Amino acid sequence: MNKAPIVLLSDFGDSHYAGQMRGVILGIAAGAPIADLTHSISPQNVVEAAHILSESVGAFPEGSIFVCVVDPGVGTKRRGIAIEAARRRFVGPDNGVFSLVARGGVTASAVLENPRYFRPGVCATFHGRDVFAPVAAHLWLGVGLEDLGPPAGQIEGLRFPTPVVSEGRIDAHVLYADRFGNLVTDVEAGLVAGGRWAVLVHGKRIRGVSRTYADGVPGKPMALLGSSGRVEIAVRDGSAAERFHVKDPRTVRVRLIKAGKDRVQETS
Amino acid sequence: MNKAPIVLLSDFGDSHYAGQMRGVILGIAAGAPIADLTHSISPQNVVEAAHILSESVGAFPEGSIFVCVVDPGVGTKRRGIAIEAARRRFVGPDNGVFSLVARGGVTASAVLENPRYFRPGVCATFHGRDVFAPVAAHLWLGVGLEDLGPPAGQIEGLRFPTPVVSEGRIDAHVLYADRFGNLVTDVEAGLVAGGRWAVLVHGKRIRGVSRTYADGVPGKPMALLGSSGRVEIAVRDGSAAERFHVKDPRTVRVRLIKAGKDRVQETS
Amino acid sequence: MNKAPIVLLSDFGDSHYAGQMRGVILGIAAGAPIADLTHSISPQNVVEAAHILSESVGAFPEGSIFVCVVDPGVGTKRRGIAIEAARRRFVGPDNGVFSLVARGGVTASAVLENPRYFRPGVCATFHGRDVFAPVAAHLWLGVGLEDLGPPAGQIEGLRFPTPVVSEGRIDAHVLYADRFGNLVTDVEAGLVAGGRWAVLVHGKRIRGVSRTYADGVPGKPMALLGSSGRVEIAVRDGSAAERFHVKDPRTVRVRLIKAGKDRVQETS
């Protein structure tokens, strides 16, 4: 029997919406292992979902089937798609949520047009349950992408912020705040490798890039290379999101300055 | 091996109470697939649990065994029961939580009296772990309802609000607010089929019944037929629960008026 | 095939951190049943995790493998360990989280030193994903503790509060607040068996020790022997944590006085 998991990503929280998707999957693919990646994506935040999916794909085995339902356009003309990328398959809305996992190349794709693999009586507001979950269950059973509909061709992209790099300086963005209030930036490890960097948040200098949370001073902001492979702003034994009164992570200004290039003020 | 899932519904949130139930099930029925429907029922809200269970049953395969633990009367004389309805089985307190799934007919039932299927040393405050979870696990293994105790006879009902329908007008109630702040009413699709309806919330008119969230205006209240099969009040890209300052969903007044019957004021 | 579950305990909430651990486990031990105990431990609260683990172990079958990631010292010199106790195995940081389950005796142990069982490229801030999850998956596949590294010897303890017992009086502590706002104390059932006790919270008397929540008066504080096997402070149909404005459960003063020994004032 197929042992690859069907992996769920959504903004449903622990609600019956996630539960109903599990039921639909098990009704078609009895015995399929279902693994929750997370259901805590901020409501309707496709950019956050794309990042968290992209960061997490490598933790799951090849052959995994991801069902990704962050879908503010449900019921509109946005397409439902299934794609194969990174030796895994992905099912969900064509709204950009797959734009990052697709960067390494899409090896197969389909527009979800064949209602044979849908739940009867598709509800206009819940394609997660009525389209994406059943399609994923059928893929798990052995149905091919080619059975689902015509190839998808170009899939939707997203406008992501990217760090602005100039000599000795990086203007960064915060992608999302995690469970601990850590602010995950768009600065990947490679950008800061081999140098010493001062980190400024809203213009105030915080401790430089550390290796672990424990290198920080309790209650004080710090920066470190996190498990996302990116620079993260953290507060040891605390929450950076609270420390900087973050309502919308996207509004946090983060700048990295190569050490010695600038005088910066220590934050309190 | 039995592939039907044991499905969990509770108000435990993601706590060790839910976790301990999983452990007890796996200790009796090794290999049983466990599927969480939701653990986010509002604490002790049996009415909400009954509705969400009823809406969700059809998403799970026949043969599923539901363990439903919203149980403010735990340890009192309220009975523990198991029933068969809609080709599925349900285990939990006889407090009305099964009153909606039982509407289509109860084909078998039992009062949980045989301690052979309980955990040794039943705790008076946690029958979910010590009675309902082990009984469900034994059902999954093949034990019959008749082994659990005598037939349950009449099971408990609940006083549900029902929409008050008069000519051209429906006075509705809000059953619960979902994860997105959508307010799910007791108006089923059939009641509003084939007509155009104006929708008033607390006396102010909002946009009429749309097909999808995307038909709404960002930030504005709207009504639509949701995945529950009922009229829901939503705010596109927002939360209706926040928009209407809802503390207790049951206090929200919703009225539908057949278009043309009345002049109503647009809300801002 | 091994049917014993791999059980997850963490302070990750429903985040992709928990999800990535599931993926890593399934990538090594395809088909392993994964059971969430809880991911809602208060961030970095090792004492709470140790108590909840200890209370919950008996609910899971012998042979279960627990992965416990409440790990504020990740990336420092604190050891990663695996131990065998109570006929189950436990993998996680050696920071005291296992000090209670180890009380009955550790029958085998290992310091996690063999990188063969780690994920390649261990991240300094996420040993849950890169060390503990893969080690647990390998244990599930049949690897022995002796393959993981040398015996751990003495493992870390924790300074737990313990009730101060004098004649006719117990000064107790609150260990944690649960999902319902119940305050779980360190007073075990044996301490109050066979006597009648008055219970004071912050010096005010509340109702004595009841058997079930339903014995209380709606909205009023009460004490009862909870499913943890300890005295708990509850409010029927309400939250004791809210009722007593609890920010940090550890600061709540609870005293039990043997009935008749003292006059105490009724709380309102």
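We just call them A, B and C in the order they show up, numbering each chain from 1.
Basically, a residue touches a chain if its C-beta (ideal position, glycine included) is under 8 Å from a C-beta of that chain, and two chains touch if they have at least 3 such contacts.
Please read these numbers as outputs of a predicted model, since none were measured by experiment.
**Student:** When chain B meets its copy chain C, do both sides use mostly the same residue numbers (more than half shared) or mostly different ones?
**Tutor:** At the contact between chain B and chain C, which are copies of one sequence, the residues are largely different (under half shared).
**Student:** So what angle, to the nearest 5 degrees, turns chain A so that its CA atoms land on those of chain C?
**Tutor:** 120
**Student:** Would you mind pulling out the distance in Å between where the CA atoms of chain B average out and where those of chain C do?
**Tutor:** That pair's centroid distance is 30 Å.
**Student:** Could you say which residues in chain A touch two or more other chains, in rising order?
**Tutor:** Residues 13-14.
**Student:** Tell me, which parts of chain B touch chain C in their complex?
**Tutor:** Against chain C, the touching part of chain B is residues 11-24, 26-27, 30-31, 34, 43-44, 72-76, 123-126, 129.
**Student:** In the complex, go through chain A and note every residue touching chain C.
**Tutor:** The contact residues of chain A facing chain C are 3-5, 7, 9, 13-14, 33, 35-40, 52, 55-56, 59-61, 64, 178-180, 211-215, 224-227, 237.
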